[in-house]
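These are the structures in question, set out in turn.
Shared between the two complexes below is chain A, which has chain B as its partner in the first and chain C in the second.
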Partner chain A sequence: MANKARALVDGLLDPLARLGHGGLKALAGLGRAHLLLLGILAGSWDMLRRPRLLLAQVFNVGVLSVLIVGVSGFFVGMVLGLQGYYVLSQFGAKESLGVMVAASLVRELGPVVTALLVAGRAGSALTAEIGLMKATEQLSGLEMMAVDPVRRILTPRFFGGLISMPLLAALFSAVGVLGGYFVGVGLLGVDDGAFFGQMQAKIDFREDVVNGVIKSLVFGVVATWIALFQGHDATATSEGVSRATTRAVVHSALAVLAIDFVLTALMFGK
Partner chain B sequence: MAKQHSIEVLVGAFMAAGFVALFFLAMKVSNLSANVADDGYRLTARFTNAGSIKARAPVSMAGVRVGRVEDVRLDKKTYQAVVTMRIDPTVDDIPEDTFANIFTAGLLGEQYIGLQPGGSQDYLRDGDEITQTQSALILEQMIGQFLFKKAEEGGK
Partner chain C sequence: MGGQQSTQFPDGVPIGGACDTVSGPAAAPDCLVRIRGLSFSRGAQVIFDRVDLDIARGAVTAVMGPSGTGKTTLLKLISGQLRPDAGSIEVDGEPVETLGRSALYKLRRRMGMLFQSGALLTDLSVFDNVAYPLREHTKLNPAMVRKLVLLKLEAVGLRGARDLMPSALSGGMARRVALARAIALDPMMILYDEPFTGQDPISMGVLVTLIRQLNDASGLTSIVVSHDVRETASIADYMYIISNGKVMAQGTPAQIAAERSEWVRQFMDGLPDGPVHFQYPAPSLAADLLVRGVG
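Up next, the complex of A and B:
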């Protein structure tokens, strides 16, 4: 009888225990992620003495993403031009097409879409690279040689992502505005002067452009950090690395979108 | 060595492209190039109704922008709106009897302050007040007046 009662209580407590286990695991992961970030930042002085390492990572994250970011920006700008023209022409306000295209690109789409693209193209590569380094015990090898793998491997990658992201986002927005110009002025016949004139009158440098750059800096930190952490924290098997890569992309995308909401509310939600 | 060098060149080109894009956004897309220098002089004007004039709204003369609204606040004694404007330092010869109106750009556009110069030989200086003003036209009020007038006419 007593056994039965105990089994019942255990059965009731079991889901609670599982919830607690999950929560503790998530918290522990968060803690490891922050410790890793501290380690990465602690290595920034060492990295400045070896700019070559940083250069190679700016190449990996930034230069190699230019094509996808540029082409996506152009297409997004063209679509904005088409859709915006459709809506605005119904209100007889197609001269505001430039404002609409530029505001949506500079404030939102530039930073966010670039962050998603970079998370997919460069973030996943970072996770896979670091995860494989861990699985093939290259990181342990570095430690054996008294080289701190966090400082030597992770720090330059972190700052490479941090530097590349705002530049890529600016590229995205600029190319997107040209795409919108191409569709709006070139194909749909919006007045050339009104397109840029209204845009300059309504888009504020501090309010819109600088806030967009701040956003993309934050996304650069978040996306690179998540990618590096997932790689560094991956189970050292091929399956573990593949899971970590998936997680890196999913988590960065969710984090970027959630943080974007918070930042937008803080910056523009008056 | 050659490979390292080509990476350097590509990274340099990438960073240059990024900065050019930022520059393009700053100069061509946003209003940075059109900003009035902060060293302009201040003028104030009182309106019985400032409409939807806000800080940064343009101040123009003959359709040319000569400054920006810096501040709008309520005078607690007279219940008038006090609008402070920063005028471009190159426009230093606005006559004393200039008229300040609040206009609307287009039917639904934003409101701006239009200055109509008078004929005086004395010019406004930093801190001076434009005494002759006309308030913003409120569309609802006008429609109301119009209806009222029509009803009056119908009664006769």
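Up next, the complex of A and C:
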């Protein structure tokens, strides 16, 4: 009888214990991530003395993502042009297509989709690179040469991502507007004067463009930070690096979408 | 050597420790590394249990033992990559376990470490890998860096490979480049982590010779962690054999060769069964095979 009662209590307590263990593990990970971020930021002065390290990472994260961001932006712009045309034409407002395309891109889709694309292309590459450096003892090798791997390896990559993200988002939005123009004006016959004229009149620099840039800067910090942390925290095995890469992409995507909601509510919710 | 099993040799004289037994022109009488009461665990697994260990200045000291006994962990503790749970580790008089980051980095500039994988930076050429610590820690002009790098590469026989990338090197070559990088700043001590693992006989012979020659020619102190008995014993001035968190035996290679302990004999002679069993602990085979309802 006593054994049965004990088994029952254990059965009830075990899930609670697992939940607690999982929560503690997540909190410990969050703590390590913040300590890593502090270490990365502490190395920013050191990085300024070696600008070539930063330039190399702007190339790796930014320039190498130009193609995927540009092509995606063009297609997203074309879809916006197509969908917007059919909706707006029902209300006799198809001349507002330019505003709709530009506002959607600059406020939302530019920063968000760029962040998702960069997390998928450059973020996963960063995680795999750092994870493999850990697995092949390159980070320990630097430590043993009295070189701080966080400052030398992670800091330039972090700022490379931070600088690249708003530039790529701007490229995405610009190419997207061209995609919308191609479909709306080129294929569906919207007046090109109205397309650009309304866009110029209704898109507000501070309200739309600056807020979009702020979003992409925040996404740049979050996506790059998550990618670097996952690589740095990866188990030093091939399986560990593979799992870390997957986690980096999933966590970055979820974080970007969640933060986008918060930022949108703060910026545009009146 | 409190807290550990002390070894009696056939003449009945207990071992005094590495610093007392090493002699010869390269060896100074003092200890470069002095470890006392070292305890270290990973979770429930005890890696070291109150271990005492001395490394004599100028000597090649081998730390041997079966796989998974904490040999690499010992190097990480000596170099401050890990902190002990208890005990003290002094390197050249400095208590490693209490040093702050900058003091630890200052000490590491006087240490080199050869990792099992070589740990070369894969995006840099052989030349740039060896030049890396010089460029990071000195203000030498590029011409002087070039001369030093070429000299270090010459010492390991790879001056001609300076433009190759690490991916183009064999395992043995990568370790020799890593060795050139480890001696770039003329350290006082080099830690070798399994330098002979996975090497063909020629590469192994080259590495064995290099470790001894570099130690003697440059006045280094070398700690070689390995389970390659013959090669390591051939160059070591003093040996420690560790297992189960303890020092099981210590002495000069000749003393270890004369050691009668069953455990030491099994390890040194590579016997498949003995105090270390061939079978991983398990219930009897009959009991396992007769379990009902399985298969």
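In this text, the second predicted complex is superposed on the first by the 262 of 270 C-alpha atoms of A that agree within 3 Å, B and C clash if a C-alpha of one lies under 4 Å from a C-alpha of the other, contacts with A are read in each partner's own complex, and residues count from 1 in each chain.
What we mean here is this: a residue touches a chain if its C-beta (ideal position, glycine included) is under 8 Å from a C-beta of that chain, and two chains touch if they have at least 3 such contacts.
Since we're looking at a predicted model, the values are computed, not measured.
> Since both structures carry chain A, what do chain B and chain C do when superposed there: clash or fit?
fit
> Tell me which partner A:238 touches in the superposition: chain B (first), chain C (second), both or neither.
neither
> Where does A:63 make contact in the superposed view: on chain B (first), on chain C (second), on both, or on neither?
Once the two structures are laid over each other on A, A:63 reaches chain B alone.
> Name the contact category of A:145: first (chain B only), second (chain C only), both, or neither.
second
> Considering only the touch criterion stated at the top, classify A:89 as touching first (chain B), second (chain C), both, or neither.
neither
> After lining up the shared chain so the two structures overlap, which partner does A:106 touch, if you call chain B first and chain C second: first, second, both or neither?
First partner only.
> Using the touch definition from the top, say if A:136 reaches chain B (first), chain C (second), both or neither.
second
> Looking at the overlay, what does A:246 touch: chain B (first), chain C (second), both, or neither?
The answer is neither, since A:246 touches no partner chain.
> Quick check on the superposed model: minimum Cα to Cα separation from chain B to chain C, whole Å please.
Superposed model gives a least chain B-chain C C-alpha distance of 13 Å.
> Go through chain A and flag every residue that touches chain B in one model and chain C in the other.
No residue of chain A touches both chain B and chain C.
> Give every residue of chain B touching chain A within the complex, in rising order.
Contact set of chain B toward chain A: 4, 7-8, 10-11, 13-15, 17-22, 24-26, 28-35, 56, 58, 108.
> So in the complex, which bits of chain A are touching chain C?
Residues 136-138, 140-148.
> Given the complex with chain A, which residues does chain C contribute to the contact?
On the chain C side, the touching residues are 79, 81, 101, 105-106, 108-109, 111-113, 115-117, 119-122, 132-133, 136-137, 178, 181.
> Please name which positions on chain A make contact with chain B in the complex.
Going through chain A, the ones touching chain B are 52, 55-56, 58-59, 62-63, 66, 93, 102, 106, 163-164, 166-168, 170-171, 173-175, 177, 196, 199-205, 208-209, 212-213.
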